[in-house]
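Following are the structures in question.
One chain, chain A, appears in both complexes that follow, with chain B as partner in the first and chain C in the second.
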Partner chain A sequence: MSGTTITTDILIIGGGPAGMAAAVAASESGRRVTIVDDNPRLGGQIWRAELGKNGSPDANKLLAALAERRIDLINNAQIFGTDRDRSLLAETGAGTITLGYNKLIVATGARERFLAFPGWTLPGVFGAGGLQALVKGGFDVSGKRILVAGTGPLLLVVAEYLRSKGAQIAAIVEQAPVSKIIRFGLGLWNAPAKLAQGLELRSRLAGIPYPKGSWIKSVRKTGEMLTAAISKGGRERQFECEYVACGFHLVPNIELPSLLGCSIVQGFVSVDEYQRSSIPTILAAGEPTGIGGVEAALIEGKIAGFASTDETRKAEALFAKRDRTSRFAESLKATFALRNELLTLAEAETFVCRCEDVTFGVLKDFNSWREAKLQTRCGMGPCQGRVCGAACEFLFKWHVDSVRPPIFPVKLENL
Partner chain B sequence: MIEIRIDGKTIRSKPGTTVAAAILNAGTDHFRASVRGGRRGPLCGMGICFECRVKINGAPGQRSCTILVEQGMEIETAANEDSAADSHG
Partner chain C sequence: MTYDIAIIGAGIVGAACAASLSREGMSVALIEAKGIATGTTAAGMGHIVVMDDSEAQFALSDLSQKLWNEMATRLPTDCEYEHCGTIWVAADEQEMAEVRRKHAFYSARGLTSEVLDEKALHDAEPNLREGLAGGLLVTGDSVVYQLKATSYLIEDAKPAKVISGRKVTNVASDGVWLETNEKIRAKYIVNAAGIGAASLSPELKIIKRKGHLVITDRYPGFVSHQLIELGYLKSAHGKDSDSVAFNAQPRSTGQILLGSSRQFGIDDAGVDRELLRRMTSRAFEYMPRLRELSAVRTWTGFRPATPDNLPYIGRIGDSNVFAAAGHEGLGITTSLGTAELITDEILGRDSRIDRTPYSPNREVAAH
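Let's turn to the complex of A and B:
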């Protein structure tokens, strides 16, 4: 193993809103703060490629503060394991580095939940956030007809973003029933900033069909185009498009805190009011503690940053604000819960595990994730169950928890 | 602009473009062949799903959505293997 060791006081894993906010708060104490991120740039998924000009004011403020406080930043580094207490291993372009810390803040964000349906493995069927990320990375979708489908507020954000880049949005297909969406909208009166954002988004998207209680059933390739079948009110409707952007809300990235032994309750890192996990040296902020979006991530990150440097008074001053964002997270969860009809989308020949090409027909006879893994290699490919695990949790009610190091595939020479 | 080669063809890309975006812009959506030979392209766009793996400068299995284009980069996708098979078959 190559031998660079970096020792820091506060180590933050993840350079999205939660990690950036945590770093700025922690640096007020004057201690050494280091952010490690697996992407080429800071900002996480939400602020990806939006830092700098035309960027979000929140993002640019944090970026300026990070530069001014001289916070260390290690990009393109993938944490894959730990070798001893208060130490993590990361793979970088230049080999493995060891990261020693006094306090660790987990700000690893979330990924999209994907569900298996016939045709979801066809090229041109992207994640919703996935397609947005690719467009932010320079993929030109101008003039392309795109169907956006799945569930959650991210669909609206993605549709508006794609439209602003010249795409034509065929429809935004939301599986949550209209009654729940209305209740969710009313609930937003408690969060005026979000309501205004939501309404503004809807008005900019005016003219685009937004069926609720509607879901994608299949996609097939028809010549150069894709044809998506949509269920709405018991009837099926076909949409022809170049691309499909499909995601079913978010699942937290909890592989690292799981590996380190932090208590996980119902799929999220369990934290106290100071964002401390069950392990005293490890804190967590943002999506790993509950899917609450950027506002929750910023406030939790700040609390974690202060708490990690024993600035408890500063942390406590933010509790009330954090509790409001937690209520928003609860209402997101209730509104965009997956409907049972989605359990019937996969057919016997539909791949659930894309890395190992394991079909629904093969998986349905197993009783547990562990058993299915051992006998079919489901979840044993390079994504290590990050995609199929969430699908299997929903489809089979399996408890998907078997993280083993390395939590990301690494080159043999770096182990 | 940055010049790269995708499956032998020279492509010009803006700086800051990911390799995955450059491949899609070049009209290729067949990034890798699955274990049973299926056509696969990017899904998650954030380095988690491993569906966008291609060969970059001779190194196989690189997640193209996490890597930015660099001058002179040589990229090979599974579409390249298709056309090679076609011309030999």
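Let's turn to the complex of A and C:
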């Protein structure tokens, strides 16, 4: 397959909710639509494991529509670069393929934000979503005591999932203050479905401590167990557990649109009401345009799908609904904004970049991401700054930019 | 105030000049348009190599290597200065003749090198393909993480002033003008602005020569020496067409830095995939197992080339402006020698090597 060129009309990168919704909407025009995903299965981080079996009705409806519309799927293909105008390069098990398009829809989702605190690189300390994905893949947590810490609604979702797989949740430690959480909860009266989901989730997690305004300070290894130090109301509390699952909200995957030259504003792809980026042939939907969760991703994907096929009326009909989900995204952002105390967790010897073993003490004296990168190789390892870049953005307020190809490591022969 | 020296450009050449002149007690203002070591210095390989393509190139690179070795004892470990040696790889008998010529050249000038036959080459670098004719191991060559070394030179220099992020727009006889309309007064000015040097000193002829590099993930021990194909000499100096050559460098991290490409007449800094693939294909011809390694990053840079392949070092005309620019792909190596020559000339001293071949006032035949 190496050297193969595939040309399509609408090329969609990412087969999560936004990409699936975009594909179904775009296919209404009868044009050729192709989804490329780096995973063997569709669904994205959120739906992948359950898709088709006991997945959500939304997911299964989309899956059925995709099958019916005969949308091309290219799985296990990692986009790593660009070729000539309007074509991308993807590495597959059989070599590199070139993907030509008329319109591109970026639906690349988000990843977890990690923060540097003493012990975050210890074995047994996971990203919350990462641990959930591991368990979905067969990792056994039954009978294990797990502390879930960080911020945002994802913590509750992960805690409930882990509990359902037999784990014992020591606590769910939320850094946002209780006052903001209450305001957020009240705001949900405008979105009854979300409120119902939230209440249901909370009731299933009844009995599990859920301290707010509380955050993880450090993790250390004590024999076979981990001991996590938690700050709550100025006091420190210790939790013994086998695993720690941490999630400090999400960071959008914007490496591809950055490489393509789309305008990025405050870390997100800048889009107009039709989900069009600053480059007219490139649209974006879902988390890359703002962290808004599944509902926002679905509606934005649909708008992008219609807009990419010039079905402007159909797109416009969805604007009001999208505006509601955008308001939800705004309130998520305000509620779960990271508190300044988290800036003080890292100690001089705490690693910030775990690929290149660069510590907080070394980084703190630099003035910019580029300078730190060149002098310390921070962000220049195999993860290419996906983990430490977001941490540095928060810790040092650096503008983390300069995406270089390949955006994912790729075999030299496939470059 | 008036500084003794204003240096334009804080790449490795400007940093070396700052260190050398400060050591002589002069007050130095180091002025950098973007950031410390973010231009050609950042884009290159960090290979400390003695070249033999002309007597003048040899003299400067040999002097420079001696200065690097002296400095190596003081360099912090994070500069990753490693005496890995260079192997000039010969594919066939014709290139083995070049190996023997180089060996004689270096030996006559007191430099240690060792002719490797097919088996010795294979033992030294087992990942090279079988059937290569041999090579020349030049044991004194090294690699360095040139960005840290540049920082070290500046820390060592403790220049009176470092101005970063402001561009010099004009050079006058008594100082330089910044884009902010400030004037930095100085008795002497050193133009070490790399590819930007000619825009400030129009007497200099500097052409941008674009190069591509790729770096891999960590594979400790995969390559042990800096490896350069001898075909390099034939292909890399072609003036008209784009060229590629096999050039692999072991980093102390276990990563492999792979080059090289040369292109004239291109201003676009983007990665040219076709050329990149030509470059990696050339590398696979020498090291087939490279194919399977994971590439983590590619980038490009511009070498400041001169028409006769020699840098400009010295006073421009009878002005107060000294050139330290046009080092093409050898700036990391020759930075230290350049700094010594500039310092000598400013202080009115003789140098250890003849300075005239590098004079900016030389007649440069256009190729």
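Note that the second predicted complex is superposed on the first by the 413 of 415 C-alpha atoms of A that agree within 3 Å, B and C clash if a C-alpha of one lies under 4 Å from a C-alpha of the other, contacts with A are read in each partner's own complex, and residues count from 1 in each chain.
Throughout what follows, contacts are C-beta pairs under 8 Å (C-beta built on N, C-alpha and C of every residue); 3 or more make two chains touch, one makes a residue touch a chain.
Source: prediction; values computed, not measured.
**Student:** By the touch definition at the top of the document, which applies to A:Leu374: first (chain B), second (chain C), both, or neither?
**Tutor:** In the superposition, A:Leu374 touches chain C alone.
**Student:** Does chain B (first) or chain C (second) touch A:Gly361, or do both, or does neither?
**Tutor:** Once the two structures are laid over each other on A, A:Gly361 reaches no partner at all.
**Student:** Determine, under the contact definition given at the top, whether A:Gln132 touches first (chain B), second (chain C), both, or neither.
**Tutor:** Touch status of A:Gln132: first partner only.
**Student:** Tell me which partner A:Val387 touches in the superposition: chain B (first), chain C (second), both or neither.
**Tutor:** Touch status of A:Val387: first partner only.
**Student:** Between chain B (first) and chain C (second), which does A:Gly261 come into contact with in this model arrangement: first, second, both, or neither?
**Tutor:** It touches nothing on chain B or chain C.
**Student:** Would you sort A:Gly166 into first (chain B), second (chain C), both or neither based on which partner it touches?
**Tutor:** neither
**Student:** Return first, second, both or neither, reflecting whether A:Gly30 touches chain B, chain C, both chains, or no partner chain.
**Tutor:** neither
**Student:** I want to verify the contact counts: of chain B and chain C, which reaches more residues of chain A?
**Tutor:** If we count touched residues of chain A for both partners, the winner is B.
**Student:** Could you tell me if A:Gly81 is touching chain B, chain C, both of them or neither one (first, second, both, neither)?
**Tutor:** second
**Student:** Which residues form the common part of the chain A surface touched by chain B and by chain C?
**Tutor:** The answer is residues 356, 381-382, 409 of chain A.
**Student:** If we count contacts the way the header does, which residues on chain A are in touch with chain B in the complex?
**Tutor:** Checking each residue of chain A against chain B gives 38-40, 45, 49, 76, 111-112, 114, 121-127, 129-135, 137-140, 351, 354-357, 381-383, 386-387, 409.
**Student:** Which residues of chain C touch chain A in their complex?
**Tutor:** Counting only chain C, the residues touching chain A are 35-38, 42, 147-148, 151, 214-217, 253, 258, 271, 273, 276-277, 280, 283-284, 290-299.
**Student:** Mind listing the chain A positions that touch chain C in their complex?
**Tutor:** Chain A residues touching chain C: 81, 83, 89, 356, 368, 370-371, 374-375, 377, 380-382, 384, 404-406, 409-413, 415.
**Student:** Spell out the part of chain B that touches chain A in their complex, as residue ranges.
**Tutor:** Against chain A, chain B makes touches at 13-14, 16-18, 20-22, 24-25, 29-31, 34-36, 38-51, 53, 61, 65-68.
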